[in-house]
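We just call them A, B and C in the order they show up, numbering each chain from 1.
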Amino acid sequence: MLKSEQNEFITRTGPDTPMGNLFRCYWIPALLASELSEPDCPPVRVKILSERLLAFRDSEGRLGLIDEFCAHRGVSLWFGRNEECGLRCPYHGWKYDVNGQCVDVPSEAVESGYARKIKLKSYPLVERGGILWTYMGPADRQPELPEFEFAIVPDSQRFVSKRLQETNWLQAMEGGIDSSHSSWLHRGDFGHDPLLKGAGGNKYNFNDLAPVFEVVESPGGLFIGARRKAENDNYYWRITPWVMPSYTAVPPRGDHPMHGHFWIPIDDENCWVWSYDYHPSRDLTHAERQAMTDGLGIHVKYIPGSFMPLANKHNNYMMDRVAQREGRYFSGIEGVAMQDASLQESMGAICDRTKENLVGTDNGIIMARHRLMRAAKQLAEKGTLPPGVDPQHQRIRSAALLLPKDAPFQDGAKEALVAVLGQPQVTV
Amino acid sequence: MLKSEQNEFITRTGPDTPMGNLFRCYWIPALLASELSEPDCPPVRVKILSERLLAFRDSEGRLGLIDEFCAHRGVSLWFGRNEECGLRCPYHGWKYDVNGQCVDVPSEAVESGYARKIKLKSYPLVERGGILWTYMGPADRQPELPEFEFAIVPDSQRFVSKRLQETNWLQAMEGGIDSSHSSWLHRGDFGHDPLLKGAGGNKYNFNDLAPVFEVVESPGGLFIGARRKAENDNYYWRITPWVMPSYTAVPPRGDHPMHGHFWIPIDDENCWVWSYDYHPSRDLTHAERQAMTDGLGIHVKYIPGSFMPLANKHNNYMMDRVAQREGRYFSGIEGVAMQDASLQESMGAICDRTKENLVGTDNGIIMARHRLMRAAKQLAEKGTLPPGVDPQHQRIRSAALLLPKDAPFQDGAKEALVAVLGQPQVTV
Amino acid sequence: MLKSEQNEFITRTGPDTPMGNLFRCYWIPALLASELSEPDCPPVRVKILSERLLAFRDSEGRLGLIDEFCAHRGVSLWFGRNEECGLRCPYHGWKYDVNGQCVDVPSEAVESGYARKIKLKSYPLVERGGILWTYMGPADRQPELPEFEFAIVPDSQRFVSKRLQETNWLQAMEGGIDSSHSSWLHRGDFGHDPLLKGAGGNKYNFNDLAPVFEVVESPGGLFIGARRKAENDNYYWRITPWVMPSYTAVPPRGDHPMHGHFWIPIDDENCWVWSYDYHPSRDLTHAERQAMTDGLGIHVKYIPGSFMPLANKHNNYMMDRVAQREGRYFSGIEGVAMQDASLQESMGAICDRTKENLVGTDNGIIMARHRLMRAAKQLAEKGTLPPGVDPQHQRIRSAALLLPKDAPFQDGAKEALVAVLGQPQVTV
């Protein structure tokens, strides 16, 4: 449970908010690389952290993320012509380069130097792992590029998608680091989703519905361990790493690709849910890639031409009471992603954390909140760089393994939780 | 005309408002019984008096009306599984019974007694007369069940429907107790609606467009008498009873079934218009029931799968200017119910009563407002139980009859206005 | 750039605002005459200057613009019956004439004189030039009828349309008096729109993309001159008159009909863009009229049955990136009107003028703002009648002509800028 002012503090990420400043310490996903696929392609409107921006790729292939609106009279540059190394406003022809620098004001004499004095807000935009990442903080604190494993394996080993969720980022992320709900909400899917079923570990999920949680701090965030009863003197451990501010990795299931999420605030009442799948030691198969494209696993089916899920709050997520009664989908909603999204959106745009009743299985959530608030305060008060900025903090993995009952998971799984390029995941 | 603060006082019915507390003294309609037709059927979201609730029927057929949101992390229990005498939240499996008592928190040891400490807000829900009624006030003041005649006649004699209206409850109700408008707005319908036409009394409505109103207090509310000129030394009286807080009965027309309404606030800008038809001394005919189902009389045609009228503000209520010009529908809108709804919604969500110009025919409205405000104040100040709670106050009827000019209607119609089970209505 | 309080001052036009009072000094367009085409036709809801009104034509053909809502209980008279020289409320039969005077309250005895005491707010409504004009100010200051040339030429020489724009009126008007953008935004259209192409002057537009602006005050507003390089020792001048509060005339192109606009606030976040075309000395051809009906030139295609453009913000104005790349439409949007509307709506409902960077070509906008604010202040402080009320101020024209380099345009074009009925425009 949070106090009302804590709930405000932790959910607001616009300019000049403490949590907004925290997010502005990191490289964060802004667009899919496929959204800006070639030089001079159409620009794309991007709203992140409550800022309205425009992404484009210029004639030389350079990427830019600039203020959406022309400095002259404020029209949207989305209507602009992307040509000859710049985006030209269609109203009066003012032209900007990928850094937001105005390079032409046709009505003013070149000698006046007027254009040079005009510069739009801009942020760096770099491609890595099928994603265009941006960094929206002060230039002198720009960190090294992200090194999450999924982003640096070869493209043939990875699939990335994003979807719109109409809630604050935090309740989306809290759902993601709370693995205890999978035994309930997603139980039907482990039996039939081709990207989830058949793993040896699934039986432990079904057999023990009261997992015990142990959470420890990692340099970049947390390791959230959930143990369930297994044969002999073992526990079945599923370990979910969380890296600040909002990256997580779901524990693997057999040889299925590993997956996880990033949650990025659009504004305080909407967020992007980024979903990746990758296999650390082999290419994705054609069947796997097709299943992901079709919205299976943690991905979704879309309204064509958009990133809005086809099943959404306006159609009650295509609730199927027969499938619910028969146990195919525990909540009546199809697919892991929309099962999460439907419940999280049902909490309201910003869920009221003053009314919660948290229990032991919520320890990961509780510790993540505290770590976020602590880091945001230390950043505000002392300028302390928060955990998770250092790429070293990002070289982690999830794991699913059997350990003797008396072995602390952070020791027994120590090596399994380190990302080593090319090495297979540790999984049951 | 009301002062601005009076208009606020009388229209607001959320928790801890004086008028909201008044509504919370009564049994009020919450759902159609057909919405929860069998054990373990899907739960239904219900918003009443600005509270978001969930109604369900458990495996034993018991009814519950509980807080819509799980006590754990606030997801909507509408997504819940209704099974084994309780509703189980699909997120982490917390389970609630019809009283809102939590009966299972799977992650916590049963011995801990944790579940027992968790209880959602809940209200009683009882079936009577095709309606599920709730009482949302303090348990120690729960009154006896409602005894409105329509609700206690055999099912074969009754038809009930509800529709969504996008206005405050009060302006909907004020339209309902204002019988003077029927000579204008509904005049076309008396000629052709099979549930209204052909009554002997209709001619008086047409012949005298300036009825005189006399209003007297009844134990539970008001009797609103409208007299029109008739043959010899008689008046044609149409007497509309109103029972607090928002029940009314339209005066009968010949042997047609009698009908009336309940208006229940959803929130301050939306309400449910409940509409009932019943015959006190015979079964409804197949043709009558079919006509009601088809949206004739005081009922409506719906957007399929909803309680939203097919003709609504988004399509200008299917305004037909030709039918208006030719007199078939005086306002151009088809059907008594939508004629009322269209005008009431055109006043705005909460109509501004500081700008009215009321006349003699509005006396019923004026007295009902005063009685409501007086009762809400006495409840707030002295805890006085308001009129209309006592089932004795509910055993009334409307009537339509000829009386000698010198007979006060409350004397002449005294017996006609009492509901006596099985006895025919008094009607012309 | 304006200060925040100046932006408020100049954009708000509701009752009792300084700029609203300024607008209430003028005759302004309210409806197309075709919207009230015959006696007793359906009434039309009209919102202007944030007031909700109803326009109707009575049995004698008289026009009225009255409060939309009945004085009795506030229902919309749009549902009223228009018959026998008045509009009758369908609720209780109250009837109003075109002056808003209540002429019948059926429930009250005629002798009581009650109806006479009830009068709705009303404004005069007069037909001129295919438009119904209203004057919403104090009766004792009602000016003479408007004498804009387009409105007084024979009907056969004129075409008028209107469209809804979802912005404040001012940014729409600022786009209209800013002729510098046409070289950019509309450049594709000069080549192929049948109502614009082929004029001799178009080549100057294409050849000189840095026009120089000279703006001078006129009795009713401004003359905004834009000069571009031409052959020999000449300049090509395009002179746009602006008459307060929001009338403008686009400079002509060859023998094409002349056109221009009126911008009328609906409320502070929406406006009507009125568009007229007329030829001062000949009838419009059938082909011209057809092209205007089809949405060419400065007119638009509509969503059938509405004044909402078919291309609008909900469908990204039917953005065509191929047409943009190929240069057919510079912004990718089809048609001069929607090119303007799309950009103006992209600025937000009320554009933030504190963030602008204005340049020399914005001088017309700067001077128009100052003149508006000055006039509104003088009206508020001293009751000074503002420029543009006097019909003499309205008898102006735009012009496009070649002048020697050393001739001030206000001298060289002096006669060309005067509207003389029947005389051809001065154009290149």
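Annotations for the structure displayed:
The criterion applied here is as follows: a residue touches a chain if its C-beta (ideal position, glycine included) is under 8 Å from a C-beta of that chain, and two chains touch if they have at least 3 such contacts.
None of the values given here were measured: they were computed from a predicted structure.
Between chain B and chain C, two chains of identical sequence, the interface residue sets overlap only in part, with shared numbers making up under half of the total. Overlaying chain A onto chain C using CA atoms gives a rotation of 120 degrees, to the nearest 5. Our note on geometry: chain B versus chain C, Cα centroid distance of 48 Å, whole angstroms. The residues of chain A never reach two or more other chains; the list is empty. Of all the residues in chain B, the ones that touch chain C in their complex are 174, 180-181, 183-185, 209-211, 319, 321, 324-325, 330-333, 339, 342-344, 346-348, 351-352, 355-362.
Residue ranges of chain B in contact with chain A, taken from their complex: 42, 69, 71-76, 78-81, 90-93, 105-109, 114, 118.
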